[in-house]
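Each of the next two complexes has subunit A plus one other chain: subunit B in the first, subunit C in the second.
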Partner chain A sequence: MGFAFGYPLVQVVRESFYAGNFASPIWVGLDNYKGVIADPEFHTSLLNNLKLLVAVPVMLGLGLLIALVLNDRIRGGRQYQAIVFLPYVLPATAIGIAFSFLLQQNGVLNTALRSAHLGVLAQDWLGNAHLAIVSVGGLVVWQQLGFGVVVFTAALLALPPETAEAARIDGAGWWALQRRVLIPQIRPIIELLTVIQVITVLTWVFNYVYVLTSGGPGYASSVMELYIWRSFSNGANGTAASVAVMLLGMASVLIGLSLWVRRRAVAT
Partner chain B sequence: MGAAAGGGDVKRATGGRVVGLLAKHAFLVIICLAALYPLWFIVSTALKSNAAYQLNPTGFPTHPSFGALRSIVVDQPLPRWMLNSFLVTISSVAVSTLIALLAAYAIVFGSFRGHKIFLSTSVALMVVPPVTLLVPMFVFMVDRGWVNHLQSVIIFYSGLLVPFAIFFLTNFFRTVPHELIEAASVEGAGPFTVLRRVVMPLSGAAGFTLVVVQAIWVWNELLIALVFLQDESARTLMSGLAQFQGRYSTNQPLVLAGALVSIAPVVLLYLSGQRFFVRGLTAGIGK
Partner chain C sequence: MARKHVLAALGAVLVLSAAIFASSAASKPAGVVADDPNNATLTYWYWGEDDAPGATNWIKKEAAAYQTAHPKVKIKIVIQSTDTLTSAFTTAAQTKSGPDIATQWATLPVLTPAWNGSSVAISDYVPASETKNWIGTSENLSGGKLWAMPQYLLGIPFVWNKAMFKKAGLNPNKGPKTWTELLADAKKLKAAGITPFGMGNKDGYGGAWFFSLIGKQNLNSIDELKAAMLGKAKFSDPKFSGYLQVLADFKKAGYLNSDVASISFPQGLQLFGQKKVAMSWVTDGNVTAAAKALGGAKAMGVGPIPKWGKGKLASSYDTTQSSSAFITSWSKHPKAAAQFLVFLHSQQAMKNWYAATGVFPADKRFPASLVTDPIAKQQLALDLSPVSVWPENFVPPQVDGNADLAAGELITSGSGSPADAVKLWERELAKWKAQHPDEFKNYTKWVSGG
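Now for the complex of A and B:
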């Protein structure tokens, strides 16, 4: 672990103060950081990561709803759960490619919308500078949904049945039972998963963006990881390292938060 | 429900329950269709000729053609990529599991100072974004001339997997009764013998779960493979596929045949041991 994490973590901070190629690095102080902060492409990338945060409540909210429905000991529950979880294990690359074809200007989704006389809803999902990141968010939700479902189902299953039984005897309706009795009891797990998925959409979406839009059109749907990759591919190692350090800073805060929330979730 | 409420109420109540039940099933079926459709799209398109696909992209492949699948195996470097992916996956998982096995054993049964800090460091490292380690690791591999060689990604992946593997195995080892270990130690067995003879035979299901989860992670990884393996013949399946997408954008059945081949092992593994997946992939959330 010392080698795989310690060495590069120290090294990436060092490199962020240098420019030039690996063989003859030049000390530039904070210039890499200044350059990045002035770069509109970086602004867009950061903003897109923040926009992707919207995907978190969507996937967790929908996931929770599915878990609550499954929790009613519904027939075929296990089969439903197995299907909903399946996307989570699939390679994002292969799935992203399929989505890139489905969402093309003349792809399956638009064709279906037009033939259903909903042509007005047909959009250039990947080519429109505003919509491209929304499409990425959609793909993230599609793949990550099952994770929440499985975690929430397990948490609900672990609850003592007595409280729900008591509420039912008191005549609580379905919604009241979920909202007042069940959801509050699994709240620590919901918080933990929220932090984990926030980390995911801020630091772990390269796959989705790379195959779905390549950050396009232009750099309209770029994210920080893609910015690092692109700077790095263009030989601007110092720039890549400085963004990596910023990303690491953000991640550290969230990792600290996750450790704290985890302790609470485990305690209950 | 009290008998005094009368038959009418009961009937209404059950009528409401039936509607509610139908609504729940309808909801779940819609979700499942949405989850499965992209997969069906990949399978059905991979079985069409490009001409048939152009004519009707969504239709059922009434005259299935194996042209695309044959072409990716015969005309494209896909078999090579697949072999690379298998080699990388097996090696990385083996290395990381071995390291984690020893570390977790020391944490749970050993008595070394600072094992708590070591464990929480592991938990924190589980979520360090790999992209932040990319540049220094690349420099390191360039210095050693390992870029475009599989060992570059094997080393990197193994390191990235170790924290989760330690976390996972520590949790599992804690469920092994201490008396068993003590009994074996009293009889003079050293730590390696205890690990091999006592702990590992108990770890079948947990070990399989851990291996599956790590294998899936390595198999699906794109960014590191893309950066470290740039030669056509050194690519893994994922980085090769990403390249395919751009090169054959006008032949979608061919690209999706490649996607199908990359998905198939994962789906087969999933179908054979779904519970292991669920347990392992959600282990990061548990205690």
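Now for the complex of A and C:
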């Protein structure tokens, strides 16, 4: 265990204090960290990761809503569930490539909008610096939504039917039943999924960004993972390692925080 | 107890694995594998299709032909993509593993791996009697050695659609010779409802071409650019960065295709042949493809890039060997790799190349008599211009990727001003020096003739 997990971690931390290539590293102390902290591209990347966190409540909210509706045993519920889940099983790279064509200025989406006399809504989704990260967030929501729906549906199906039945007999309406009876019972799952999705948008969005925008235009949609990759692929291993250490620190804090919240919730 | 057993088993597996690795390493020391040029398995990371449509099919056919002639040689062609060409090899070089033969763009993308020990000098494996026939070798010289093999000449001519010029009331047989003329033509084309100029810059290469084609025009020699890379001259000097304002003005005037920021560079190269734009600059290979689509010399004009600057390089043409092939330092079969690369310069391979791509091989032995098409003749004359330079080749790869490409994206997306783009260039130059002190030292040495 120590070798499999500990050794790479120690190496990454060690590497963050060196410049140059692996063959002839040059000790630079904290210079990599100082350089990264002073780098506007890193600020943009970090900010974009934080912006993408907005996708988490959207994913969870929509996922929960769909799961609650499907839980009512509506006609064709399983088919709907399969449709919603489908994007999740598709490779992010393939989806990214498809969307990179769909979202071009004269791509399928804008052409359709113009044909429907909604040209005012047609935007340069990938070429506009303000919209590029929004497009990435939209794609993340589109693909990850199915996972939330499946997890929430499974959690709802596992609940004992008696409580919901009792609430109905007591005259609870649909909304009250969901809000006061079902959602509170799956709260631990919601919390768990929140943590998973927060970690996902912090550390697992590279594929989407790389294929859809490559972090552009300029660095407008860059994220920390892309910053790490770009540094590493430029041979700036020390810089890449220092950002990886920072990212690891952030993820560790978030995981610690979530564990603390969980413990507190269980205790109360 | 059970946990102890599991841990003990894991420990044993680790010790055993280490022993196997150690013994296998000891039994196969570097250099023991015989480098028989006629008995080897080679992996070739190849790139060329975006420059010269048809290149990928050609290399696969040549590899197959070579394997038929050399039954004990196996060649695995791995096609590389434009946007990861440099980064993929840099990543492979970190661990000194990957292809036997790699492709990179000429000069610094070739020389940087040479300086950090990732490649071997091709002149150590191919005799001078052969390399003297290759064109453009000066682009890949360092320390008195040649580091890569040129495959083809890549000229970048200016092209215009004659029918669209006519529709806009312009002389279809006279393309713009200066930037002022180009702007005047663009104005008339736009007024006629025609998109004047086409390119793609989602990946930054459209802007990088603007730097190489227009940005060089205020320089008297490429040494001035090298000095700016080393910090001996300021990139903020309009001599170097003036092209950014030109690009910004061009975009602001509405002379570029509206989707310039959201389509890729290769997609942008197709616009001219698809009759979506009236003017563009494309590679020789794409000129050939466009000529087929538009109907030949009668339908399109070809000429040098319009003059904007006042430096001596404003009169230079824009030919480079573009992609160059080199042998990696970790290849166990450098002689076999060199022999295959020489085969690619054989008469038959060159004829096949020209037939497949319409692009001229970078070899003096290529018979000009094969060039019969009037547009191709024009291109060949331009490609063999006495002074030809591609400035992007002289920008360190990291700075090219992080500043040159990104700066153009800022402008074409409208998300940054030329001043922002200049700051980006300066920041990335400083970053390169700080992150790669070894590369900076090598670059300095190379500039001074080392």
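By definition in this document, the second predicted complex is superposed on the first by the 250 of 268 C-alpha atoms of A that agree within 3 Å, B and C clash if a C-alpha of one lies under 4 Å from a C-alpha of the other, contacts with A are read in each partner's own complex, and residues count from 1 in each chain.
By definition in this document, a contact is a pair of C-beta atoms (placed from the backbone, for glycine too) under 8 Å apart; a residue touches a chain by one contact, two chains touch by 3 or more.
Quick caveat, the model's predicted, so the values are computed rather than measured.
Looking at the shared chain after the overlay, A:Arg262 reaches subunit B, while subunit C stays out of its contact range.
Residue contacts after overlaying the shared chain place A:Ile199 against subunit B, while subunit C stays out of touching range. Residue contacts after overlaying the shared chain place A:Val134 against neither subunit B nor subunit C. Legend: residue contacts after superposition of the two complexes on their common chain; A:Leu109 is shown touching neither subunit B nor subunit C. In the superposition on chain A, A:Val58 makes contact with neither subunit B nor subunit C. In the superposition on chain A, A:Thr93 makes contact with subunit B only, not with subunit C.
Of the two partners subunit B and subunit C, more residues of subunit A are touched by B.
In the superposed model, A:Phe232 lies in contact with both subunit B and subunit C. Contacts of A:Asp39 after superposition: subunit C is touched, whereas subunit B is not reached. Residues 1, 3, 22, 107, 229, 232, 237 of subunit A contact both subunit B in one complex and subunit C in the other.
Touching subunit B in their complex are the following residues of subunit A: 1, 3-5, 7-9, 11-12, 15, 22, 66, 69-70, 72, 74-75, 80-95, 97-102, 107-108, 111-112, 142, 145-147, 150-151, 154, 174, 189, 192-193, 196, 199, 203-204, 206-207, 210-211, 225, 228-229, 232, 237, 240-241, 244-245, 247-248, 251, 254-255, 258-259, 262, 265-266.
The touching residues of subunit A, counted against subunit C in their complex, run 1, 3, 19-24, 26, 31, 35, 39-41, 103-107, 124-130, 213-214, 216-220, 229-239.
Those residues of subunit C that touch subunit A in the shared complex are 10, 14, 83-84, 86-88, 90-91, 93-96, 116-117, 202-204, 258-263, 397-398, 401-402, 406-407, 409-410, 412-416, 424, 427, 431, 434-439. Touching subunit A in their complex are the following residues of subunit B: 20-21, 24-25, 27-28, 31-32, 34-36, 38-39, 41-42, 45, 57-58, 120-125, 127-129, 131-140, 142-143, 155-156, 158-160, 162-163, 216, 219-220, 222-223, 226-227, 238, 241-242, 245, 252, 255-256, 258-260, 262-263, 266-267, 270, 274, 277-278, 281-282, 284-285, 287.
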